[in-house]
Structure formats: structure tokens, C-alpha cells
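Each of the next two complexes has chain A plus one other chain: chain B in the first, chain C in the second.
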Partner chain A sequence: MDRPPEDRTGATAVAERRTARDSDFAAYLAARQPSLLRTAYLLTGNRHDAEDLVQTAFAKLYLSWDKVRDRGSIDGYVRRILVNEHNSLWRRAWKRREHAADDVVLHALEEPHHDLADDGVGSALWDVVQTLPRRARAVVVLRYYEELSEAETAAVLGISVGTVKSQTSRALAALRERAPQTLNPRTSEEDDPS
Partner chain B sequence: MSQPEYDDLATQLTRTLTDRADALSATPLGLAEVTGRARSIRRRRAATAVAGTAAVVALLVPTAALARHSGERPEPGPATQSTTPTETSAPVDARAPLDVRGLPEGKPPANGYLVAGLMHLADGDTATVSSRHRVDAFAVLSDGTEVFHTLTDQGVGSVEVTDSGGTEHGPYPAGFGLAVDDSRTAAAWVSPDGQVRTWVATHTAPTAIAPPLPGGAAQVASMSGDCSAATPCRVLVRTTDQTTGKSTDHVVSSDGTTAPADPAHRFVDVSDVSGFGLVAGYTRIGEGDSCSAVASGSGPVDWKTCDHSLLAFSPDLTSVSADSDFRSGTGSSVLAAYDVATGHLLFEHRSTLKTQAFVTSTVWEDDTHLLATVYQHGRWSVVRFGLDGSMEIAVSAEQGRNFESPIVLAGQP
Partner chain C sequence: MTAEDLLTRTLLEVVETTDYPTTSTAEVLNRSRTIRRQHRRTTLLVAAAAVLALGGVSAAVVLDRHGSANLGPSSKPNPAAKLPDIPQGAAPKVGILYGDVYLTPQGERITSPAFRHAAAAAPTTGGVLVVSQSNWRHPRNDVSLVSDGATTPLGCGLPGFAMGPGDPVYWLFDDGCGDATSTGHLVEGTKTLAAAQGAPFPVATLDSGVVVNGPAWLPDPQKHPGSVRTLGRAAALVIAPDGTARRIPHLATAQTATRAGDLVAGLNQIDTSAVVVDASTGAVRWRAAAWTLSHFSASGQYVSGTQSVGPQTSPGVGDVVGIFDSASGRLVRSVVLPDMVVKSQAVWEGDDAVLVVAQDAAHQESILRIGVDGSVTRATKVLPPTEVRQYGFRLAATP
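Up next is the complex of A and B:
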């Protein structure tokens, strides 16, 4: 025969703690989700996946909310969840199955409008960024959008600073190779008759 | 000049990414959506923990240091007996040396594992663990509740629980060991004063299931039943008298009763009991030899071996795992399994002078596979052992000291 839990009277206290925790978490969610969504969008390349990614990242943060004792470290913690979630092989495989059929439609409908005052250079560069491998894209987003240091980027991705440097170098080389000629002085100089 | 080229590209990259991000119109995400996804993740983790296994049975690691045996051997079954074909197409050698180098890579453990503070589940999902002390055993219950048994550097045990709602409980003082029932409905531990406690899925506090056990240090070895009124859980607990060193095995039940694990006195140490009356354990521990046996009722034992120490029954109770009859140092140089009904040896992988591998913790992943943390040449791996003798890597090698695995398998004691 089952015996009752030792601490029935503690149920009320547990409920009160949970309510306070949810309130605390909701405030953080409201404050940080726009920023996290922007990063997620740059990682995924479309809003649908970005929203999904952010929801999962916040859900995982919620599950660990009580364990994150240093509130000052939450931004870095949730960013790490987001990036690692994005990089996970399992997720990649799942996403491929789910979106293979309607990728083109989604991208056409959900791409945000942007300023074309740069003669399409930004748009072209964005297209090339989207072709980078996920880890390399994450390095680029963290370094050039989040403007994290190499050490901070390494901490988020769980890799060495040396790997961040090499990934950055390779990503920039790929961008230089495939980006518009205006960003590739070598090509421009070769084309310059002077 | 390369630097201006880099600066141009970096500047343009920052501008492009910022423009893109700023142009995004956000759809507000509410707390309900997040908590809903969190519940889904928890359910998935719990389902993953249960998937593919009726149970992951915690194995008792015998504490007695035993010497090598001579005699009383049952007739072993065919060395290459194959009870469960795997996907491996190559012929399987059920007596191949224990050597993890070059093994094929298989799926991750179905019951999950923990390394470097990160809990890994079979679907690739991960969760950080920030317990106060080092986790030496953990379990994920059917509702997603996580139960961690931790040890301080001084060896003081405690249990910390994160319930299905994400609320932390504890730490609760604990002796050694953590056991999980077959359906992952409950986990059990014993407090230093001999009080056996269970944490049942969906509960928000531990339950003391019977009066405290008398005398000495206590260790939880295994557990069967789901702690319901219909199928009370039965927890195998060993107490050791601090003065005489004598150990006693008890079965503590959630119906409030405590009984000797072997009232017929056939065993000197009990390794595992099932809810259906099966008992495995040592029948003799001598100065230089030992024997183990399986009994299915109150009469004489069904069969006996003096080649191995019997450890734990498979979830379907058809096989029993085994390791060395001589345990010294940090692990066992052999892993084996027997047919419970016949006593036939199903497989045996033994380390050699060349391979220098040993096994520490072991859990049943399902009815036909064992998972074990294996150390070899400076690296720890989790290896999946099939009853047909197959071996494959479940978790790739991690560097670590040779006396403490950095990998903790869910369900290990």
C-alpha cells in the first residue's frame, strides 16, 4: 500500500514557488525574446525556423530556470542553448524532412524586406552567408552580429578559440570568394584597366 | 593589401546582418507557449528514457573482493550461441576479447547518459545538470522527473530531484546507490539512518516506504515494481554492520514490510531479486574462490557457476549479467551473460594482456543488450553488448582518469 508523501503541506509552498518562478521567467522572456529571435533568424535564414528555435531555447531555459543560480549569466546561457540547438545533427535531420517540400515557398513569403541602397551587395552577401555550413554560420553571426569576442564565441559554441579563428578565417575566405566583386579587391583590381 | 579587404568585408557583413535582423517583425511568444514546449520536451525526454526498454535495471556492484575460483562449474552452453541477431552482418564471436578499439558505432544509449555536466538523451536532446555535487547516478522517471544521486568530495551522499514541473527538491541525505523500477515510475534510495525512500513520478516529495533498517551503512542495489497498490515496489538494500563487517540483504517493500532477501539462506550475498521470486547472488565467498547461483523459488538453487559473479536480471528476466569472480582495482576484466532458465553462458568478453580493458558500471538497456562503461588505454567509452556476443560503441571515447569514469549511465547504481 502506498503511503502518502511525507510533505503534503509542502504542496502549497511548491505551488507558490512555481508561480513566483513563472513570473520571474515571463519577465525575462518578454525582455529578451526580440533580441534572441533576431539572432535565431540570422542562424536559420527564415522566420519560421527562427521562431521555432527560439521557442525551444526558451523552453529549455524554463526547464533549467531554477538551476541557473547566477542570473547575470542567463543571456549567455540561453544563447548557448540556441546555438547548440541549431547545430544539433538531430534537429538538422528533422528540419530537412519537415521543410524540404515547402522551403522555397516559405523563403519567398517570409523573407523580411531590406534596404537595397547598397546596390544589392548586402542581399548577395546574405545569400552567401546562408550557404555556409551551420557551425561556420554560427561563428559569423556571433562574431559579426552579436559582436562577441573570439573567446566569448568559443564559450558559446563549446569549441576552442583556435577553432573559432580557423572557422572565421575559412568563412571569410568563402565569402570573399563568392560575394560580389566589390568586396573582393583582388578581383576588382584584376578587372581594373588602370 | 589584405587588411583593408578584411575590414571591408567585416564591416559589410555586420551591416548586412544587422539590416536583416532589424527588418524582422517578431511574433510575440507567450509564457504558455514556452511552458507548453517545455512540457513537450520533458515528455520526449521521459519517453526516450523508457523507449526500447521495459526497464533499465540497476546492477549491484559487488563490494566483496573475491579471489579466483576453482571448480563447481556448470556445463556452459555453446560459446557462439546467438539469441538475438543484431544488424551486424559479420559473424559474431561470443568469446571475443574485451577490446573496444575499432568497434562499429551504434546509436546512443536508449536510457541516456551524462558527461561533463550535460545529460544526453537518445533523440539527441541535451540538458544541463547543475547539481550541487558530482552526480554518480541518475534516473529520468516516466513523467520527466530527474533524480540525481550525488557525492561530495568526502563521499557524503545526497539525492536531488527536479520534478516534472521543473521545481527542484532536496538535497536529501543519502547512503549509497540509486535504483529505478522496471517502468521508471519510481526511484529509491536509502538515507544514512537506514530509511528507504522512493520518489514516485508526479509526486512532489519523497515517500518513506517502511520503518528504517537497523544497523550500519546502507546501499540500495535494485528495485522492482512501480510502487502502486497493485504492484508494490521492492527495494533490495544491503546493510553492513560497522563493528563486525557483516552484511545483510533486505527487501523493503512499499507495502510497508521488510523481509530478508533470502529467507531460505541459500545465498551469502544477494545481487538481485525480481518481483517474481527470482534471486541471484553469491552462494559461497571463500578465501580464493567464489560461486554464484540463480534460484526461482524457495527450494534449492536452479543452477550455479563459479566462473563469474552474477549481477542483475534482464528486464524480461530471461538473462542475467555477470562479471569477474575476482574483483580488484577499479573494475572487472570480463563481462558475460547467462540464460536464466538453463544457466548456459550466452557470451563472455574477457580482457587480455594485450587489450587491457575493464568494465565498471553496467545497466541493461533492453531485454537483449547491456550497456557498460569501459576503460581502455586512457579512454572511457560506453559499449553496447548484445546477448549474441556483438559489441558496438554507444558513446565515443572520453579521456579520463582510470579510476573514475567521466560518463554516468542512467540507471547505473
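Up next is the complex of A and C:
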């Protein structure tokens, strides 16, 4: 039996709303994915984990898409999901899992080779950044790549501004300690007796 | 330049010199559906537990009444969230590794230091073939033969074997274990199957040859001696016993194949989603977009897979093990392992059950058996976190 006309209209309206929502979301995904992948890469250090992280962040964003009324705040919202997912306890366990054998090969083949156009300073520094604890690394990425303020970084990570300051300070100290030539070029020159 | 400026410049350069994969909207929507499904299951379980606690009503009844419509093929209640609470079943019928021990499918216990960091081990002519991984920063894979308590190094290769009715097939580099290795050969037992450049990774043996993942540059006998044929950077190939190779169309990588060689599971070249294809034409038989396919069962009737749900931050959410009908792609069984991470592929015991290495929220570890009938039992004892860090279970080879 056919549905009453008003029901059909209602169903059509729901379908249209869903289509509009998905189209809206797809447009946002296409626009913001490259940028978010870059941030995720800096947080995870490899493309596969970055892709996984971004996919999860966008999936969770999609589930909340209708609740995010202020479209201007979406960037901050999805960035917060991304960082928090990365910092979550289970994700840490997740990343310790064994890679499938062909994943290992693919990973070795596809891992980008960083040939930074400098004297190796950037490469050495990036090596050190990758050894920072997750929270400290997130602070470094948000402060020095995303160039967020201390307050914005605190909001994304859900911590106080004071904690951001101390984490930043500790991260920089660790970087100076482990890559002194890199982060203290002026000091090195001044110390040079010649 | 200040330290902060240098840091910013470094991070910018790192991201600018990296290529990124693209995630499609479909993949994102698939994952969101998986997450939502997991949350719903959790809600159902919590509701069932609450009813049980308050009214003494059987949780199973609640699950049947409300769960059957939503849970699909996973009509049984989810297993316990803690490994010690899962009932102990029979020992594994496939080889497993634990510390220095290789436990054969027949239950024989062989001890060697070569097994400590082994990625794979399998019986072969004259002993047990093992590939051990060392030096995580510059990984190398030492292939050895363990026999009568002695370990004989064979060379460096890749971290896995292709298993078939005969000896395992593996790759050996010709020029040692350094970074500059570029040529080598595929070996079955002690017999060289084919020489090649690159590092083709063998994943399955068929009646008609060996399925490998590229890159590979193989000798081209149709041209003059010494000429090679480039077969692509990321390609799934079948290398025939005479050394000739053919590409499996449309596959970026192969994961497994039926023994008869008619079906191959792997990643689609276009969108890298999991697919099962016709081995000769590459025609896609079916897709399992949100899944990672592992292996075909002994007869080829089923193919196993696992599903990652991303971060397991909610109670009850966990990885999923799935069993598909190979011919149609119908999901015959899916079992959620609440609060657990699956750390291995799903390896078959015949056609009846798959084994996975699972870790629970307390970081305890065990090998679980998931039956086609949905039953879940432990195939090993439970390792406490301290032993997991030191030893850890590994499924020795993937039949």
C-alpha cells in the first residue's frame, strides 16, 4: 500500500537533508584533509598511522556533524579529536601491534625520504622531535607548526595554559639537550675561538 | 634564527617533503558506521547487564530480543572483556612462537634463541626455517635453519614466508644484509625458484606459482640475456615455476590466495580497499571496505578478516574478527572482542576456526580461537603484562 502523500514528503525531506549534510561534510573533508594529514604526520611520524588517525577523527566528526552548530569552530573541534585520539591510552597499545608482513615491506618502500635542503640540521631535529613523549610532541606541533597561541593549544589539549608553558619549556630543553648543535647555532659560533 | 624558528622551519619542511594518501568520504563514513555500531553494542551490553542486576532477567534473553536485529551475524553475546574470563579450549593446531620456544602444530616444543625475535617459523626440509627481526631502527631479517639445536644462518630476507603444500617459500638477498641489497632470489626449501631485483615478498603458494608483492624487476627471457622487465613499484604478481611472472590486474598488494589459485585477497589499486579478486583477470568478486582480510580457510570456503575500530576509549568497544564466505563475500560471522586489541592476522585452523593474538585492557595477552559457529575460547594461557613485554605470543606462520 502506498504511503500517504505527507509521509512520502517527509521521507523525501529527510533524504534531502541527509544528502545535503553528506555533501557538506564531503566538501569539508576534501578541503581540510591535506592540512589535517600534515598535522597527523607530525604527531605520528608515519603516513599509515597518520591516515588512520585522520580517518578516525573525520569519522567521529561526521557522527557529531549535526551537533556542531558553529561551522567556524569545526577546525578546532576536529583538531581536538585528532590530538586526543593520538594521546589516548588505547591508541598507544594499538600502535604496538604487529604489522602484517606485507605492511612491513610497503612501509619500508613508501616511507618518504626526508632530504631537507639544509646541512642535515632539520633532519636531526626531526629525529629528536619524534622521540618526545606524545603530549610534549603534541604541544610542539600545535605551537610551532600550527602556530597556535598558548591559550589555543591549551584549549585543544584540554590542559591549562601553565601546563602548555611548562610542556613547551621542557620539550625545548629536551631538544636543546639532545641536539645542541642544532638548536644553539649561535652559541656554537660564539664558542668558536677562531 | 631562534630555536623556535628553526623548529617551525623543520616541521614545515618535513610536511612539505611528504606525500600523503587520500582518504575517501566512503572510507570515513564506513569507519563512522563501525564506531556507531560499536557504541550501540556497548549500550546493549550495559542495558543487559543493568536488567540482569536489577530484575534477574537473563542478559541473553535481552540480547536475543534486541540484539539479533542489530548484531547481524554475531548473534552470540560478546565474549568476556578480560582474557582470564574466557574459557580455555584446546591447544593451537598451528605453530606458535613464545619467547625462545617454537611450538609445532603437533605440539612439539623446540627451543632456540633464533625464535626470540622471530617473525615467522615453519617446518621445512632438514629443520625449522625461521626469520628473526633485529635492530628496530634499521630492520634486518635474518633467515636461519634450526636443526638439532643448532642454528645455521642462510642470509637476509623479508619478514615472512609463503606457505603451501611443500616447503615454505621465502626471499633471500644475494648481497648480504646491508642497505644496498638489491638482488636476490625466491627459494622453496633449498630450491631456487626465481632470481629477481627488488624485494618481492612471497605471500602465498599456488599450484601455478608463488604470489608475491612487488617491486620486482625480473629477467625477461623474451629479450636478450641480461635484460629485465619492470613489474612495478607496488604490484601483486604470480611467479610461475619457470621464473616468468604475470601481474594480477588491479591489485596493489596481495594478502592471501586460495590454494587452487582462483581467488586472491588484497588491496584494490584504486582506493586501497580490501577486495577479493579473480586471480587471472583481476575482476573484483566482492569488497570488504572496512576490513583487513587475512587468510582463506583450508578448503578456500571462507576468508578471515579483522576490523579495527580505531582508539578503544569506550568500555565494550573492541576489535572485530570476521569470517566471510569466499565466493559471495557474505559476512558469515563477526565477533567483537570487547576492550581488546587484535595483534595479529586471523589464521585458520582448517575450516572451523581462526586464531588471533589478543591483548585486553590490562595488557594481558593470549591466543583466542574464534569458531565459525561464533564460539570464543582461549588456545593458550594468559600472559601477564610483564611476560608480554618479555616474550609475547606470535602465530608462527600463516597457512
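Rule of thumb we're sticking to: the second predicted complex is superposed on the first by the 154 of 194 C-alpha atoms of A that agree within 3 Å, B and C clash if a C-alpha of one lies under 4 Å from a C-alpha of the other, contacts with A are read in each partner's own complex, and residues count from 1 in each chain.
The definition used in the following text is that contacts are C-beta pairs under 8 Å (C-beta built on N, C-alpha and C of every residue); 3 or more make two chains touch, one makes a residue touch a chain.
From a predicted model like this one, the values you see are computed outputs, not experimental measurements.
Q: Mind working out whether A:Asp66 is in touch with chain B, chain C, both or neither, as first, second, both or neither?
A: Only chain B is touched by A:Asp66; chain C is not.
Q: May I ask you to decide whether A:Arg17 touches chain B, chain C, both, or neither, giving the answer as first, second, both or neither?
A: Only chain B; A:Arg17 stays clear of chain C.
Q: Residues on chain A in contact with chain B in one complex and with chain C in the other?
A: 22, 25-26, 29, 33-34, 37-38, 41-42, 47, 50-51, 54-56, 58-60, 62-63, 88-91, 112, 114-115, 118, 121-122, 125-126, 129, 140-141, 144-145, 147, 172, 175-176, 183-185
Q: Enumerate the contact residues on chain A facing chain C in the complex.
A: My answer: residues 22, 25-26, 29-30, 33-34, 37-38, 41-42, 47, 50-52, 54-56, 58-60, 62-63, 85, 88-91, 93-94, 96-98, 100-102, 104-106, 108-110, 112, 114-118, 121-122, 125-126, 129, 140-141, 144-145, 147, 172, 175-176, 182-185.
Q: Using the touch definition up top, name the residues of chain B that touch chain A in the complex.
A: So the residues of chain B in touch with chain A come to 4-6, 8-10, 12-29, 31, 33-35, 37-38, 40-42, 123-130, 162, 165-168, 200, 203-209, 227-229, 232, 254-256.
Q: Can you name the residues of chain A that touch chain B in the complex?
A: Residue list for chain A touching chain B: 1-8, 10-11, 14, 17-18, 21-22, 25-26, 29, 33-34, 37-39, 41-42, 47, 50-51, 54-56, 58-60, 62-69, 84, 88-91, 112-115, 118, 121-122, 125-126, 129, 140-141, 144-145, 147, 172, 175-176, 179, 183-186.
Q: Any idea which chain C residues touch chain A in the complex?
A: By the definition above, chain C touches chain A via 1, 3-4, 6-15, 17-23, 25, 27-29, 31-32, 34-36, 119-120, 139, 158-160, 199, 201, 203, 213, 215, 233-234, 253-255, 292, 308, 310-313, 341-345, 357, 359, 361, 363, 394.
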